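Here chain A shows up in two complexes: once beside chain B, once beside chain C.
This part shows the complex of A and B:
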């Protein structure tokens, strides 16, 4: 909006004298059309890539959308039946709790480690750049590859992690990382933290780079260094980046399926089922697309709540 | 400015979960009548999941030869990975680009037939006379035959001959023998036995030998016979004779454990034989043992069938049926069985096959008795399979006792 206004004021002086009536009107109309034309490609893209799937997904969740639908096109409306079916299933509450634990656990782990590493790399030392680049590796690996690798590492009897821990005498019996319902969720969260560190590190690090050194110099004169400097200078200046990192982190983590499918397929005994894995299971394993859509809409709704909280928080900042 | 851009990024990201959903619209696909039977058909398309070599080229050759023999110049043979086949078929169905000939895994046939995507083969004069009962019941929906399966496989016990001989253990014939043998064969890094008990259809399929052999039935999962089978799996894991990792081992993982010498025996199928031979493993094969002497060992039917999708082009569908027929001639069944580690499904070929391929003798008998997963429940099988694997995982992770695991897993 503000860009468009600037454009108008910029073109104002080039216009012919403003008292001759027809010319400016035509010019203004042309301008209006041009404005619309500039918006059209973006609008069409958004409608095709975001609007259509949202509406389609919403419609599917109220339809009995199955294998048959793809073949004969029939998808009878069933009202809230799909939502009732997925919410009343015993597994739903468990999946909801798991989704919350998985998201909170992953975010805390990723953020704390990412922040510590960002602070560490903010200092100048040799090989800083090389090491930072190496930390991006988990991000570059396809998730299928990293989950397969972690599945081998976490293998109970011959996985390298248990063998190492036993060799060092830290544990006496192998830890059933992926085979015990009590441990599997923790193991999956740990792997997801590993995957999320580069994202947190990169964004927080660039946030730190933005903070002017003068602030620290001035702070040092007032005796603020170390923890005090972090709390009074770094943290307040990093606020915008932190809220974006957390917000994106929550949304990316809510929808994780590939890591869980690769590591445990939601098992053992449904210990690692989340709303996202359930949605995938309904749609692409059981071909109950209506129920899968209902679950993914619930997930979108949860994401939306976080997005609104975030937008309100940032708007208040702008107003201030 | 930056804040605004970040806010926009965040708003976009809320839509990210959508990648899970909305995979395409449905289309209508009425069987039309474009093309008449008299029209010459010069090409047919074929879709299967034989992506790996050498099966892809072996099947391709067979299809090409069959095409030539029925006067079709080109057979366009495409393969997609197994787990994506049904999704591919659904996309093709909604865009009306179904192949002329489609391969389906036998437990999927009835589901796809029920949805109305397949032609009854009887319409083209094909029947399954002389076939083993398993493949026929898998391919029959509402009294109509929808697929012809040239080769079948099933599950049996594989064992390291040398390891058993060294321990003085005979291949087990009863569950009691299986338990003592597995325990005796467990030492150090070597487990006595290995099976796959993952939370998916593969895990359910591996549980069928004990369940069916013990008289359990998919229509009554809360029966003591099913509980007895769960108890066997639990005992083997509790004894330490089977790794607790079984709940996370696919059949390929089980095979890896067996090859690496970390399992003396395993439950697996003949499709693993090429990799075992490549690794120079000296193995024997025995049918799955029985609980009580009056029982017979029953294993589930595996393998894929050829079907004719409803494309609306009558001339092509008729030729497609001829191609399916050709893939199932006696010679082609024998050829495919030898190449793919399968057993011919025509009962009359069994004796000849056993003499020509003695290593498959055990499987040949098992296939004659093999039971189709969809034989009783048809398109409802996947729902039941989910209950089976969930119940099995509840037992193996000590979340439920064998007697009430299936009820807890949602069995009605």
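This part shows the complex of A and C:
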């Protein structure tokens, strides 16, 4: 027993007893147990809802886990068969390329627009706070609702986008945004950019607010304003926030399923199929849970690479 | 020579101009939401109306939506409220412990929480489906509440912990000296002081669960439990024969987000920058 513990035990009897206070005899030990109990429910939740799924997925990916497994409980071990099956399939390379295009396209679009908006709102004008807050709406809506709204806008024959573009004489024939394999991925990326703008705007804006005004004042004396001030003062000071925004963006975009299912269901002709939607399809449409698990593990592996960079970038923030 | 008044006037104009630009940008950004509202108010079948205002606003779409999806909206509400309660019960004590107790393994716990946010939902769905199949939680509201807590608990811990780091230890210690136990000090002092962060977490837990689609899609198989997101997906899946009903349902499903953004802006903004999670 440490000195501190002995001391507490010694003074314990003078403490008025109450129903919630630890029993005097147990003293410090009881208190330590009580402290741990604060964490137990959350620890169990995280183990059950994250630890278990990760381990279970890993196991499933090496098993022949199908609908039959639910009936007779048999899931024979098959080694790397699931991985070989999903990787050698023709669709895999397509899904991989789509995942890369979807992620890179979304991130660039969201980041550039979010940054421009953040710089704009960093200036002082009436109603700034209220208007900026309203920009959050697309981010708070259920993703499937956003998909529905965009389905209506992008509809080929009577959707408002084609009707407007035709009315303005920009296009001659309606563009099959979500029904042509040539443009569907672009349309899906555009919608995902729209959803991600608020996230980028909000984080980058709060990053801009952190940069002390004195830096700009000092810069102005040296003749740095406009773009020069941005490159020499804003950008270097925003570095930490930018890396967090980008890494989080990549990790969240890699696992997007809702929007793609809502807009195209991975079609037309698999033009918008990604690793994440493929994983869903294998598990819950074809009921090949082993293969679905293998694909989702590949997804985790890709995320992990970015996660390591992310964790290094945020380590300082966590300690705050 | 420019007078002081003129300079001031020029600045006023510039500021006013910026507000104007901001309003235009916001209008562009929120156009899809307006379009949902517009179409929901126009009677339509399989062809979308293209007029920018409903010429004769009609609530027919909403009548159909409530007939078809009213029950689903109630289901989503029950799941969302359940998720809020479960999340706060689990995350609040943990957030306090990680903020104030000096455990040696705190940085490991935080690392685990951060990593947990990177696990794709489909991984959780895969594992929970097989687990739920065995323990009978498939097609059940508790099953969906638990799955949704997966998103909300780590988020809640991070948000509330960063707030509770600012709670002065002296207040709690004073209460302890007066005889309050650990639990009572937590409930009667820490929780009321941290009220704002609890509200923020509660609102986001609500929105996460209300907007959840992946778990609704994968952890229900029989159609007796259908959250509204799944209802909209079913509407969208087949050939759409009644656009106004689809858009009316989408509008109804947007109401929580809209209301919370208007009346609880402060809390939403706090969650948006604090957690940066979705």
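Criterion: the second predicted complex is superposed on the first by the 262 of 320 C-alpha atoms of A that agree within 3 Å, B and C clash if a C-alpha of one lies under 4 Å from a C-alpha of the other, contacts with A are read in each partner's own complex, and residues count from 1 in each chain.
Everything below uses one rule, namely that a contact is a pair of C-beta atoms (placed from the backbone, for glycine too) under 8 Å apart; a residue touches a chain by one contact, two chains touch by 3 or more.
Small disclaimer: the values here were computed from a predicted structure and weren't measured.
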Next on the checklist: According to the stated criteria, A:194 is in contact with first (chain B), second (chain C), both, or neither; which is it?
Outcome noted: second
Checklist entry - Quick one: chain B or chain C, who's touching more of chain A? => result C
Next on the checklist: One more residue to check, A:147. First (chain B), second (chain C), both or neither?
Outcome noted: second
Checklist entry - Should A:244 be classified as contacting the first partner (chain B), the second (chain C), both, or neither? => result both
Checklist entry - Of the partners chain B and chain C, which touch A:292 in the superposed model: first, second, both, neither? => result both
Next on the checklist: For A:219, using the defined touch cut-off, is the partner it touches chain B, chain C, both, or neither? Pick first, second, both or neither.
Outcome noted: neither
Checklist entry - Touch check for A:303: first (chain B), second (chain C), both, or neither? => result both
Checklist entry - Do chain B and chain C land on any of the same chain A residues, and which? => result 50, 52-54, 56-57, 60, 65, 69-70, 151, 155, 157-158, 244, 248, 251-252, 254-255, 257, 265, 276, 279-280, 283-284, 289, 292-293, 296-297, 299-300, 303-304, 307, 310-311, 314, 318
Checklist entry - For the complex, which residues does chain C have touching chain A? => result 15-16, 18-19, 21-23, 25-26, 29-30, 32-33, 35-36, 39, 47-50, 89-91, 93-94, 96-98, 101, 103, 107, 109-116, 118-131, 133, 146-147, 149-150, 153-154, 157, 162, 165, 179-184, 186, 207, 210-214, 217-218, 229, 232-233, 235-237, 240, 243, 246-247, 249-250, 253-254, 257-258, 260-261, 265, 268-269, 272-273, 276, 278
Checklist outcome for this item: In the complex, chain A touches chain C at residues 15-22, 31, 34-35, 37-39, 41-43, 45-46, 49-50, 52-54, 56-57, 60, 65, 69-70, 117, 120-121, 123-128, 130-153, 155, 157-160, 163, 194, 197-199, 202-203, 206, 244, 248, 251-252, 254-255, 257-258, 261-262, 265, 276, 279-280, 283-284, 289, 292-293, 296-297, 299-300, 303-304, 307, 310-311, 314, 318-320
Next on the checklist: Please output the residues of chain B touching chain A within their complex, sorted ascending.
Outcome noted: 2-3, 6-7, 9-29, 86-87, 90-91, 93-94, 111-112, 114-117, 189, 198-200, 243-245, 247-248, 262, 310, 382-383, 386, 390, 393-394, 396-397, 399, 410
Next on the checklist: Looking at the complex, which residues from chain A come into contact with chain B?
Outcome noted: 50, 52-54, 56-57, 60, 65-75, 90, 151, 155-158, 176, 178-181, 240, 244, 247-248, 251-252, 254-255, 257, 264-271, 276, 279-280, 283-287, 289, 292-293, 296-297, 299-300, 303-304, 306-307, 310-311, 314, 317-318
